[in-house]
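Below is a structure I'd like to ask you about.
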Amino acid sequence: MRNRWRYLVLLLSVGLAAACTGVDGGEGGDGEGGGSYPRAQTLFTSGTQWGAPVNWNPIMNWTYATGTVGLVYETLFLHDPLTGEFEPWLAESGDWTNDNTYEVTLREELTWTDGEPITAEDVVFTVNLGEMKSVPYNELWKFLDSAEAVDERTARFTFSEPRYQQWANWVYFSPIVPKHLWEDRSEKDVTAGANENPVGSGPYKYEAHDQDRQVWVKNDDWWGKEALGLDVKPRYVVDLVNSSNEAALSQLLAGEIDLSNNFLPGIADLVKGGYKLHTYFSQAPYMLAANTTWMVPNTTRAPLNDPAFRRALANSVDVGKIVNSVYGQIVSPADPTGLLPIWDEYIDKAQVDRLGYSFDTNRAKSLLAQAGYRDTNGDGLVENKDGSPIELTLATPSGWTDWNESARVIAEGAKAAGINLTSETPADTVVQDIRESGDFDLILDNQRQMDNTPWRYLEYVFGLPIRESQTTVNYGRYENQQAWDLVNQLDATKIDDRAGMKAVISRLHRIQLTELPMIPLWYNGLWSQASNSVWTNWPADSGDAPRLVPTMWRGYLQRGAIKMLAELRPAEQQ
Amino acid sequence: MSLAVEDLRVYYRTLRGDVRALDGVTFSLADHEIMGLVGESGCGKTTLGKSLVRLDGRMRHVGGTVTLDGRELPIGEDARMNEFRFAEVSVVPQYAMSAMNPTRRIGRMVRELVGSRGIPFASVRSELDRRLALVGLDAEVLERYPIELSGGMKQRMVMVISTLLNPSLLVADEVTSALDVSTQRAVATALAGFRDRDLVRSMIVISHDLSLVYQIADTVTVMYAGRLAEKGPTEVIVERPRHPYTQLLISALPEVGVRYGGKRLAGIPGSPPSLRPPPPGCRFRARCPLAYGKCAEQPPFAEIEPGHAVACWRAS
Amino acid sequence: MARYFGRKLLIYALTFFVAVTINWLIPRFMPGDPVRAMVARAGLQTPEGVAAMREYYSSLFGFDVPVWQQYLNFWGGILRGDLGVSLLAFPEPVTSLILGAVPLTLGLLIPAILLSWWAGNKFGAYAARKKVLDNAVLPVWYVLTATPYMWLAILMAWALGKVAGLFPVGRPYSASLVPEWSWLFITDLVSHWFLPFLSLFLVAFGGWAIGMRNMVIYELEADYAHYLSSLGAPPKLVRRYAFRNALLPQITGLALQLGVIVGGAVVTEIVFDYRGLGYLVLEAIKATDFFLLQGIFLFIVIGVLLANFVIDIVYVLVDPRTRAGMGGDR
Amino acid sequence: MTAPEPVSGESGPEVAAVPGVATVRGTGVRREALYFAVRNRKLVGGLAVVVVFLLAGLVGPLLVGDPLAYVGPPAAAPSGEYPLGTTTFGQDVLAQLLHGLRATFLVGTVAALIAGVIGMLVGFTGGYRGGLVDEVLNMITNIVLVLPVLAVLMIIAAYLQVRDVLVQAVIIGLFSWPWVARAIRAQTFSLRAREFVDLARLSGMPVRRIVFREIAPNMASYLFMVFILLFGGSVLFAATLDFIGLGPTDGISLGLMLNHAKQWSAMNLGMWWWFVPPGLAITAIVGAMYVMNVGLDEVFNPKLRET
């Protein structure tokens, strides 16, 4: 009846009435006919691609079309951050043959989708690409001496200074590219080319793309079907471009999207509301923790160069209000060390109890008073020790509404404690600018994702040297050589030496908790909302459901999410 | 006698009460008569002209009759009047410069106008050409837009259109006021020519310009404050007016041909009374040098000699 | 007539020049460096890598030449139809992004503008002669013109889309369909198109209806109308003339309102997640994609100028007064 | 957003064609206008709506708390305690609406004043001086007129990072004047040909005095209507900019409320109380202003008076 109405109104209003006689009233929607992706065999995803898919270059790991790495290009290993395990993928095995040498052996009979075999030469070639300055893993070559193919399937890497943690990161994170198609490319092509018609090795192949979507089709000849016993279920994976969360939510509710990795405010109520929606946890915080949101103080500016002041500031932030009111409980407060829950074992709880902090406006006030910050002009806000007024701003990129709102709450809390802090929302590019150049008071940042090693986080906090332009780490320009040495020591610790790692991390955390070079606030969620109307058996923390990271975000398919596609089951058709 | 107006009353409706713009006007017009109608601004002469053809939205026919060729005109009923318009009564409006639709070729406009009255254009086409020639216009103007015509041409064109169906009565309202002096004369001659050729049976020429009236009118009617003051043959009115207002009007003009326009007459102190409602008695009383006790009573518009009527106690 | 068009063209050329210059100038004075932004996204750690990338992007965006040459190059690019490379969808050229979005926007705009103009004029003229109707609908029209485009769009999307479920809301066509000439696809396309169209149509409709109503009332009081009535022409003829003449200023009004309606389309698209130019605008703003924003702005300016010129020509065709050489300034 | 130009003003000669009332001038006209004004339903009704909202915007914010504070339960539907409900964060929608009204009136007034003044200066100067000055001014007017205003505002607002309502008002004002200049220029052309201006000129009054003493007062009613149209247009422009995220970053406005409601999925979550009131308020204010304008037009332009 509803459909009738819809078409009636439609036809009347657009004047197609004449045209419709003789045509068998097309019942739109499921679209079994040609010209549509069969709904029951297609997985619709969203939440990674914010603009039209325009490049399929696995090296441009911040912008490639959703699925380029994972569905098409594959890595040597998979790392599942939920279990902390590495799983051989293209590699059959990989081992340190001595302290300085690592050997990786590929599986047998791997082929690229153009039919060429995948050999150790491809692996060596991919690593060698890192010698180009603008390739993201250029850093590798600071401690890597040589890469060579020992035979068809074995590659050997010799290190001048082995950094086990970083290398472990590389082997699962960076995709292998086919040498025979890439060897003639210039540096520009490698790091900025679109790489149309990508040829990879994974379970899917390029099918089509449009301004608003990326379509992958199943690669029936995928090696993993036999070698791993994994059969990805959706014939098509259609990743939809959605630049607004609101649109994504609307499509999810309408059953047009199966998996939304968007930040969807209000989702908590909807999950309970009978929309066939699914989240990893069935109650708060609903989402896995994907990364930590840090407040980064510029430690080169007074009074933020004073650890006591930073501590007072940390105490003034009402994280609970952010978690409950801004996010509606889909995030959780961060540990004072900032380490994600997956790294819980590395947190020295006793030390955190001793040195940690929590929201307490009065404590913040007394800390300020102890440190000598007083309100000398009676406006309710403290002044610098030399009597000059304190005027701090917290910059968050405009349009990042949750952060803008959180920043407002932070500023409110700071004011309550007597710190004159205001929230500011310059353009995204401006925030990037000031973040790199150090021309800011306070910013929020959450660039480090869940990963194979806490080293990634500690490198982010303590990274040295300070350069004119801080591009990836230590935006607050905190200088502590001792801490940086410890971070490097951690990097050089073997990944199975848990005790060794813990010892170093504990020492680093002691510094971190006393000095507060950055202030972790809350864990951003691994936003993931799935609809059970077409596909079921989504990852969850309970029952028989697979324990996997349920997302299509860049970098996460090689963190185990690819296996989710094999675990999916078609929903019962009513 | 072609036109007879009997005690005609037409009021303007305003939110503050009726304005008695025509308050009991009685006169008649003989066949072939051209009557000049003069008076100050706001005296009601344009209202009288409109009343005979088409009342505008705010005018209300309150009383009195208008009889044309023995038939009473339904002047208060817009739709019924249509039957008489154009064919029986017609008008050359004071806004002749802008009377034609600016976006239609003139010929087409005439065709549509005539057609809308149920008359085939073809049946009047040859007559139209003849009349264009009569007023000195080329038939080619029908292919033009109004904007391409000069003021005088437009004026003559409108005259041709208005008289196309040989109306019994033509009301010409300020037909020359927008023209320069030489064109005025040509237009006036053309008007008289229409009457002389019997294309128009009788005519009322409303004007500020006494010289025009003097030139073509057989009789002159003077209006003051919604009523007729005096009517008589042109020579009589100009040379021996009997109504004090007419006298002042004539004498105030240094020489014939000067307009008295919209400005207050210098020679007559005071201003016309408000017509909302008018004061009782003679309306000119307040400004009249000859006013006396009797004037508190309204004087009748009475004939003092054949063809010469005056509304003044002093005159009778 | 040549003078009339010459003058118009001169104005358009100057407008274009001003628009291009503003467009080129503004981002150069504003904070936020697109090169740095691009480099930052790559997440490079080593200073050498950063420097190499920076050099690459600088030359790609044409920032490595003197400022005057950048300006000339900008013009050169425009004339070649090259509006640079998008930051948001790197390395896609801005032109191709815009061309991909334009059909959808035009598909909304052209019917909305033409139909609202046509219907608004018809209704306005109709209401002008019925006092009762006029009093009843006039306030409604005023409320319509006073409605913010996006709010009406939100209301429609919510009431007709979400609550009543009569029409789909979001995207130009269902995600499951592949664009092609099939009945299924076309009905889907049309059903997605209808609500955004309707909300644009309604707001614009109110404006036209009011304009027409006022113009017709004015025209009905014009001398030629009185003259015709005095000659006993039936009201039908008078109204026909009044309508036609009242249309003329409405044509000029169309030119004046174009920019506003385009703005309306932008926000309407945003509400309906309709992937036309308006959607791109929002994208560009969110991502501070200077080049895309510049490109869209230029495109809109060119579109509006072209439409203005077309309207000028139409105007000359329908209004004899301009042809007579009088209306040098209309 | 459409700014219907007032139809009055084009009616030059028809001061009062009614006999017997033809002589009213000066204070008489004013008294008569007032007489009709208080009896015009459109004018009085429109004014009443505007005044109610204006008072709400002026007084309301004093009665409610911080519009951004989280005071109530999240996403609560309208109730006795929160008559317009709360936002997804638990902010009081009524408080936001009242503060937003204030911003709306501020934007409308400031932008309309700026545009009105520029338009008047350009229009008067061009229309009165004529010649080359007029040519140049008219050219500039035409250029700004053809530029799609909203697109220009978007570009500028995007780059300028508009922070507060006043800046927004200024940039809107700076680009909304051309049609005013045009209309005023035409009016000045016709007025300067009138005799009283000639008289003033003959008596040696300086140009400025003639414009402000003789011409401007005669156009006062027209200018008032222009102001109203500019006000309405500016409010709609501001709301549009706010909505696409180019609004002020501090404080609250009706457009920002719509922006927030959209960004936080109020539509999908069924929170109609978040997005209906702000749009309704804009529509009511601007609509009432427009209706007022019709009323004014009828008052000043006897042809349109209801009889």
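Brief remarks on what is shown
Letters A, B, C and D mark the chains as written, and numbering starts fresh at 1 in each.
Please note the rule applied: contacts are C-beta pairs under 8 Å (C-beta built on N, C-alpha and C of every residue); 3 or more make two chains touch, one makes a residue touch a chain.
A quick map from chain label to UniProt name: A = ABC transporter substrate-binding protein; B = Dipeptide/oligopeptide/nickel ABC transporter ATP-binding protein; C = Peptide ABC transporter permease.
Predicted, not measured: the structure shown is a model, and the values here were computed from it.
Of all chains, the one whose mean C-alpha position sits at the greatest distance from that of chain B is A.
When the interfaces A-D and B-C are ranked by how many C-beta pairs touch across them, B-C comes first. If each chain is reduced to the average of its C-alpha atoms, the one that sits nearest the average of all protein C-alpha atoms is C. Averaged C-alpha coordinates give centres for chain A and chain D that are 48 Å from one another.
Per-chain CA centroids place chain A at a distance of 91 Å from chain B. Look at where the CA atoms of chain B average out and do the same for chain C: the two points lie 54 Å apart. In whole angstrom, the spacing between the mean C-alpha positions of chain C and chain D is 22. Shared interface positions of chain A, defined as residues touching 2 or more other chains, are 244, 246, 250, 399, 426-427, 430. For chain D, residues that reach two or more other chains under the stated contact definition are 158, 161, 245, 262, 267-268. Residue positions of chain C touching 2 or more other chains: 31, 162, 282, 285-286, 288. Residues of chain A touching chain C in their complex: 2, 5-7, 9-10, 13-14, 16, 23, 26, 28-31, 33-37, 39, 42, 44, 50-52, 54-55, 60-63, 133-136, 138-139, 142, 187-188, 191-194, 208, 210-213, 238, 240, 242-244, 246-247, 250-251, 254, 256-257, 399, 426-430, 432-433, 435-436, 447, 467, 469, 471-473. Of all residues in chain D, only 1-2, 4-5, 7, 10-11, 138-139, 142-143, 145-152, 154-156, 158-161, 179, 232, 236, 239-240, 243-246, 255, 258, 261-262, 267-268, 270, 272, 275-276, 278-280, 282-291, 294, 303-304 touch chain C in the complex they form.
Against chain A, in their complex, chain D makes its touches with residues 68, 70, 74-75, 88-90, 158, 161, 245, 249, 260, 262-265, 267-269.
Residue ranges on chain C touching chain D, taken from their complex, read 11-12, 14-15, 18-19, 22-23, 26-27, 29-31, 138-139, 142-143, 145-152, 154-155, 157-158, 162, 203-204, 206-208, 210-211, 214-215, 217-218, 221, 256-260, 262-264, 266-267, 270-271, 281-282, 285-286, 288, 293-294, 296-297, 300-301, 304-305, 308, 329.
Chain C contributes residues 222-224, 226-234, 236-237, 241, 244-245, 248, 318-321, 324, 326 to its touches with chain B in the complex.
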